[in-house]
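In the two complexes that follow, subunit A is the common piece, with subunit B as its partner first and subunit C second.
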Partner chain A sequence: MDPRMCRKISSSESLPDAENVEYEVSNIIAPQESEENFLIEGSPEPNSVSWLDDEQIEDLDLNLDQTNLFFHRVDSADIIYRSKKKKCKMVGKYVMGDVLGEGSYGKVKEMLDSESLCRRAVKILKKRKLRRIPNGEQNVQREIQLLRILRHRNVIELVDVMYNDEKQKMYLVMEFCVGVLQDMLESSPGKKFPQRQAHDYFTQLLDGLEYLHGQGVVHKDIKPGNLLLTLDHTLKITDFGVAEALDMFSPEDTCYTGQGSPAFQPPEIANGAEQFSGIKVDIWSSGVTLYNMTTGRYPFEGDNVYRLLEAIGRGEPAPPPAALGPALGALLERMLKRDPALRPTVNEIKRHVWVQATPPLEAGERLVSPRSRRSDELHTSTVIPYLVERHYASAQEYFTERDLRHELGDGGSRTLSTAELSDGESTRQKRRWHSSCGRLPSCRLT
Partner chain B sequence: MFNPDINDYQLTSIITECCGGVAVVYSALYKPSNQNVALKRYFVDKTKENAALIQQDILTRKELQHQNILPYLTSFVHGRELYVVSPLMTFGSCRDILDRYFPEGLPELACALILRDVLQALQYLHKQLYIHRSVRASHVLIGADGIARLSGLRSAASLMARGRRTRQLHQLPPPDHDNANLMWLSPELLEQNLKGYDERSDVYSVGVVCCELANGAVPFAEVPTTLMFTEKVRGSRPQLLDCSTFPEPCLDDAEMKSMYNTDSGVGDSADGVSRLRQVYASRKLSDSFHHLSELALQRDPEKRPSATQLLNHAFFKQIRKTDYLPGLLGRVKPIKPDPNDISALLLQQKMSEMEIEKTTEWDF
Partner chain C sequence: MPLFGKSQKSPAELVRSLKDAVTALERGDKKAEKAQEDVSKNLVLIKNMLYGTSDAEPQTDIIVAQLAQELYNTNLLLLLIQNLNRIDFEGKKDVAQVFNNVLRRQIGTRSPTVEYICTKPEILFTLMSGYEHQEIASNCGTMLRECARYEALAKIMLYSDDFYNFFRYVEVSTFDIASDAFSTFKELLTRHKMLCAEFLEANYDKVFSHYQRLLNSENYVTRRQSLKLLGELLLDRHNFSIMTRYITNPDNLKLMMNMLKEKSRNIQFEAFHVFKVFVANPNKPKPILDILLRNQDKLVDFLTKFHTDRSEDEQFNDEKAYLIKQIKELKPLEH
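Then we have the complex of A and B:
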C-alpha cells in the first residue's frame, strides 16, 4: 500500500482535511530485533519500544536512501494508526449521520431511528437563519401544517418534528431519499434524462400533483430541485414552503402570492398579476420541469432574473427540439401556453399520448442513477460509522499497519464479507472495524 | 365453509395476546361442525394504521394455498372487533413451546422437522414472488398432525408491484409494536441501501430461526437494536450453541453460583443461567446442522443458498418417514378448553353487555 494513503502526522492535533483523512499514525514503534513472528496480533511489548517522531522517521528514510548500509526493519504490526473519531450524536431517538445537503435555512442530515432502524432525513432549521429569510418562519409553519395532513406515495412524508429551545433549532424528520432530480440532471450527460426515465418521473409527478390538487393544495414551486427519489425510485414532491391550501369552499383556485423559483414561474406571475389560478401555476412549472428533464435546457433563458422574467412574461418559449418527437413536443407546447386557461389539467395530461405510452430506451441511452456521495454508489447509511464509534469505541481506536495490509489484501482472501461498499476507502474503513475488535458472543444469556 | 357469525363459535380458551395488545387469539369450537378453530380478535380501533396490514394479511392468505402456510377460513366483524378464523394449531407457536417447555432449545431432530416445513413454505412463497420478512419461531405454528405452518403474513411483500416484476425491495417491513421483528431480519434488508434485498433475506431469517430453535434464546436479544444492526452489517454470524461453540466454563459450579448470586434472592435465574450453560457445553449438535445455519446466515446474499437448495441439505437426511414431531415434543401439552378461561370469557361478555345498559346518569 502506498504510505501516502494514510497521512502521517505525528502531532495528533492537525487534521487538515477532515473529509479525506481517516486515520493518522499515532506512533511508530521500532523494536531493535524484529523477526518474522516477533509480535503476534500487533500487541507490542512495552519494554521493546522506542518512540520516534516524524523527523526521526525521515532521518531513517534518508539513511536508507543514502547509504543503504543500515537497514532498519519495522514490522508492519508495529506501525500503529489511530482512527479518526466519528462522534456519535443522538437527537431524541435518532442517531445523526452525515450531511446530505445544505440550504439557506440550515442543513439536511441523514439520521437513523434507533428503535425501528429506519433511515431518515432531517431538515435542521436554525431560528437565527430563518429570521433572515423573507417569510422564513411563516413558510416553515405552513410547510409543517400541510405535510401533517398530506399522505401520498409521491409526497414526502413528515415523520416527526422536534424542537431544541436551547439551541434554537427545529428538526423536521422526513422520509429518507437518495437523491434530488436536480443533482442527477447536473451529473448526467447533456444534463438530461433519457425519455424513458423522464417519463417515469413525470408520471409519478402527475400522480402526486393529482393528489395535491384533489386535496386543495397548490405547490407553486415544482422543479427538479424539489423532486426527490427514494431507494426504490419512487418520486417524492418536497418543499412545501411556498405551497398554499386553497379555500375548500371557494369554487376558484385563486392565489395571490407567488414565491417560487424564477425559471419555473409562469408568465402571469412574471408579469406581476395580482391574482391567478394556482393549479395552472403547477401545470406550467411541471411543463418547464419536463422540458428541462428531456432537453437539458429551459424554455426561457435570461442573463439575470430580470431578463429571465421579462422573457417569461412575453410568453414565447423556445420551441421544443424536434428530436423530442411530435407527441412530447405537443404536450410541452400545451403545458406552456401563455394563457393559463388553455393549459391542460393533470387529468388531461394523464390522457395525453406521450404519457399513456412508455417510451423505449433508445440505443446508447443509459439510465441516470442517483449521484453518489463520496463515491459510495450504493448510498449506504452514513450513520454506521457513528454507531461503530459508539459501540466499539475503545476497541477500534488503534490498529496496525499489518491489520491494514491484511484488510487491503486481495479480495479473494476475505474471511468475512462485510458491508459491500464500492468505495475502497470506506471498505477499508469498514473491514478495519471488523478486525480490530472481536465479535460478540452469538447469544448472551441473562 | 365456515359461517362468518360469532354465534356459531364457542370460545374455549385464551391462547395468547399478540401484536402488542392489538389482538387476542382464542381457541373456539365451531358449533355447526364441532370443529376446533383459532379465532384471532383484533381491536381495530386500537390500531388505526394497522387495519391496512390486517387486510393485507387476509388478502395474501386468501391467495396462497400450501400445507405449510396457515390457511385462512373466514373473517367477520362483531361489535367493534374484527375476527379472523383459522384452523387450530394445537401445539401453539414454536416460541411458546420454547418458552414453556424447552428454554434450552428443541432436540435437533425436532428442529429438522420444523425447519423443513418452514423451508417448504418459503419455497412456495418465493415461487409466488412473495418475501415473508417475518420468519421467526413465533410465526411457526405446530398442528395436531405435527406439521409446522408459517403464519405472520401481514409483513409479507410481493415482488410484483404495480403490475411489474421488481428484482429487489428496499423498504423495511411495517414496524411491529416493539420492533422485535428486526432481530430476525437480514443485514442487507436492515441496511436499506440501493442494492436492496430479495427473497434470500428470508433465508437469513431461517438461519436466525435455526439458532432460536436450537438455543432457545434469540440471537441479539440482549443487545441494543443499533448494536445488533452494526454486528449484522459487519458480518457477525449468530451460532448454534454446543460443546464446539460454547466450551465448558472453566469456573466450577460453586464459583459460577457465587458469581451470579451476588445479591441473594435471585438465585433462581442464576441457577437457570448456569444450568443453561451446562446444557450447551455438554451437548453436541451435528456438523450438518452447524453447516446449514452458517450457510443461511452468510452476510452476502449472493452466496446464500435458496430455500430450495437448503431443502436438499444433508441436515434433512436424518429425517425418517416415521419421525413424528409431537412424539419428539412429548412434554408439550396441546391447547385444550380451559374452564377458567371459559368462565372468565363469559364474565367478560356479561360485563360488556352491562356497559351498554349503563345509560342512566348518577344522581346525587
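Then we have the complex of A and C:
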C-alpha cells in the first residue's frame, strides 16, 4: 500500500531527504538542485566560495527553472570530496547533532544537553512551514499544552520549549529515542515483529493509553509511526498534534473531529460521523497497529485514500491470518468491531488471554532491534563529531577518491558506512585525535 | 546435572529441610543457632535454583515447577512470612526474592502462585501486618507490591478490613516504613484502574472518612503525600463518579481552602489542584456555590497573589487565570 496512507491527511508532504549526505561534490559547475545540498562554485579555489548550510538553503525556498539544468559528466576519479562541515552549533544550552527524522513541520535532530549531558531529541518547527499545514499552528500549541501535563513512562516527555523569533523557529526538546516502530517494521523480514516482541510493545501501548485516557486525553493518531522506542525498549507514544482533551465534567468521551492517518481510522470517522466516542477511536487504531505489527499487513487496503476509506467504512476487515493463533485473532476481531460500543475497553484488553500470556519466541524468529533509518547499530551519539570538529578541528578539508582508497587499504570489497566516510580523514589527523582523547573509553573511535 | 561435585538436593528435599529448619527456629529451643544456619543455607539453595548463580544457570522449568508445587503443598511460603522476623538479615532478603520469583511464574495464561495465594489469603494479611514490625517492614513491602501487580490479589487486599490499617501505617513515626507503606497504599489505589474505581465507589464513605484523617495529619509528609494522591485520584477519569461525588461536599471544599492557606508552599500548590476542580465544575451544587460566593472577593484577591513567582509554569498560570475569572463571574442561583 502507498505508505502515504499511513500519514496524516492534513499534512502537506515534503520530500524525505534521500540520503544522509555526508559528502558534497564540489567541482561541478552547473547548478544542481538537490534537497540537501545546493552548491554553486565558479572557481576551482574553494576558499572564494561562501558555503550555505542546509538550513539556509532550505530557507531560500528555491524554485529553479528546470530548463537550466543539464547533465554534466565528471569522471569519478576527479571528484573531490569534502567532508561535510561539522560545525558545532548550540541552541540554548544544547549542542546540535544530526537529523534523526523529518516531518511535514520540520526536522527532528539529536541534541546533547551541555549541562546534564543527557541525549535529547529536538523537533524544530518553522513558522513558515507550519502555516502551510491546515491547523498547523493550533495543533502545535495544543500538543505543547498537553505534553506539559502528561507524565508517564510510555508517553514522550517534553523537556523544554525554546523560541527563536528572529529565525521564526520553535524548538521542542524531548526525550531521546532511538527508533520508530514504523522504521523497524519496514526493515524487518515480512514487515512484522515476532509475536513476542509485538506483545511487549502492545502491552506498553496499553499502559500508555490507559494513562492518557485516565487524564482525559484522546490521542486519535495511534500508529507504528507515532510509537518510539528508547534504548531500553521502552515504548513512547508521541505526536499529540491531533490529540484532544475531553471535558473533565462530562461523563461522555464525545469527539467531533478526526484528523488522524487514513489507514488507522475507524469506520465511524471514515463514514463522516458528526460525533463519536474518542476512546474507541484509539482502541480501533491500536487494533490496526497490532494487526500491522503481527501480520505486516493492514486490515483494510485500497488503491487510494478514497477506496481505502470506503473499505474501512464498510467495516469488514480482512480476517486475521489463522497463523496468528486463535487468541490473537479473536482479540483483533474484537478491537476491529464496526460498532464502537462492541470494541473492548483498555481494561478488557488487558484481561484478554493473548495479553495475559507472554507468547514464546518461535524457532527461527529473531527480535528486531530498534533502529531508525539514520542511526547505526550502536546508536552512537551524532553530537560527538561536531564536538570533535570544534575541539580537534582537522586541517585537511578536501580529499579525492584516491585518498579514500589509500586510507581504506584498496577498499575493494569493503562497503563504506557513512560514519566511516565522514571520519575518513588522513591518518595523521586520526592519530592526533586518538592520542588526545583515545584514553577516554567513551571517546574511542570504532 | 550438578556442576560442582556434591549431588544436588531435589526440590522436595530442599523444601522439607527448609521447613524443618523454620519450624525449629519457630520453636526457639536450644538448637536455634543451628536452625538459623540451616534456614539461611537452604534459602540460598532455593534462590540459586530460581535465579542461577554466577557460574550456574537457573534450573529447568520442570525443576522450578516441582519446587513451586512443593512450596504450595507444604504451605512453606506462609510459614516463612510468619517467621520472617526470626530469620537473619540476608535470609529475609532471600525470602522476598524467592517469593517474588515464584509469584511471577506463568504457565501459559495462568499464574499458579497467584491462584494459590487466592486460596490462602492469610499470606497477604500476614504480609500487610509486616508493617507493624520495623525489622521486616521493607521486606514485606517489596512482596506486597509484587502481589499488588495482580488484580486478583489487589482485590483481596483492598476489600479486606486490614486495608484500613494502611491509614495507620502511612503515618508511623519511622520515615522509611511510612514511605514504604505509602507506596504500597498508592499502588493498591491506582494500579488497576477499574478495580480501584469500583472499590472507591462501593466504599466511598468509609475510605474518605479515613482519608480525611490523613489530610489532617500532624505529620507534614503524610499531609502532603495524601493530598497529592487525592489530586491524582480525583483527576483520573476512571474515578469520574468519585470525583463528582467528592466535589459536591462543602466540607471537602472548606478543607481545601484551608490547605490553600497552609504554611507549606508545596501543600498550597497541591491543594490548588484539588480546589480548581470545585471551581471549574459547571454544575456546582448550592452549598458549594454559597461558600465560594461568601468568599468571592477574598478568593479573587488571594488567588491573584497566589504563587506569583511561578511565572515559568504556563499551565499553572493559565489555570489560575481561569479560576480567577470563574470566581469573579460567580452569581447566586436565581430564586
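As a convention for this text, the second predicted complex is superposed on the first by the 306 of 446 C-alpha atoms of A that agree within 3 Å, B and C clash if a C-alpha of one lies under 4 Å from a C-alpha of the other, contacts with A are read in each partner's own complex, and residues count from 1 in each chain.
The rule is short, and it goes like this: a residue touches a chain if its C-beta (ideal position, glycine included) is under 8 Å from a C-beta of that chain, and two chains touch if they have at least 3 such contacts.
Quick caveat: nothing in here was measured; it's all calculated off a predicted structure.
Look at A:Arg128: by the touch rule set out above, it reaches neither subunit B nor subunit C.
Contacts of A:Gln356 after superposition: subunit C is touched, whereas subunit B is not reached.
When the two structures are aligned on the shared chain, A:Arg314 is found in touch with neither subunit B nor subunit C.
For subunit A, the partner touching the most residues, choosing from subunit B and subunit C, is B. Residue contacts after overlaying the shared chain place A:Gly216 against subunit C, while subunit B stays out of touching range.
In the superposition on chain A, A:Arg151 contacts neither subunit B nor subunit C. With the contact threshold set out at the top, not one residue of subunit A is in contact with subunit B in one structure and with subunit C in the other.
Put simply, subunit C touches subunit A in their complex at residues 106, 108-109, 151, 193-194, 235-238, 240-241, 244, 277, 280-283, 314-315.
By the touch criterion given at the top, residues 166, 169-172, 175, 179, 182, 187, 190-196, 211, 215, 217-219, 221-227, 229-231, 233-239, 241, 245, 269, 273, 276-277, 298-300, 303 of subunit B touch subunit A in their complex.
Touching subunit C in their complex are the following residues of subunit A: 145, 148-149, 210, 213-216, 246, 248-249, 251, 345, 347, 351, 353, 356-358.
Against subunit B, the residues of subunit A that register as touching in their complex are 95, 112, 114-119, 176, 178, 230-232, 369-370, 377-381, 384, 387-388, 390-392, 416-420, 430, 433-434, 439-440, 442-446.
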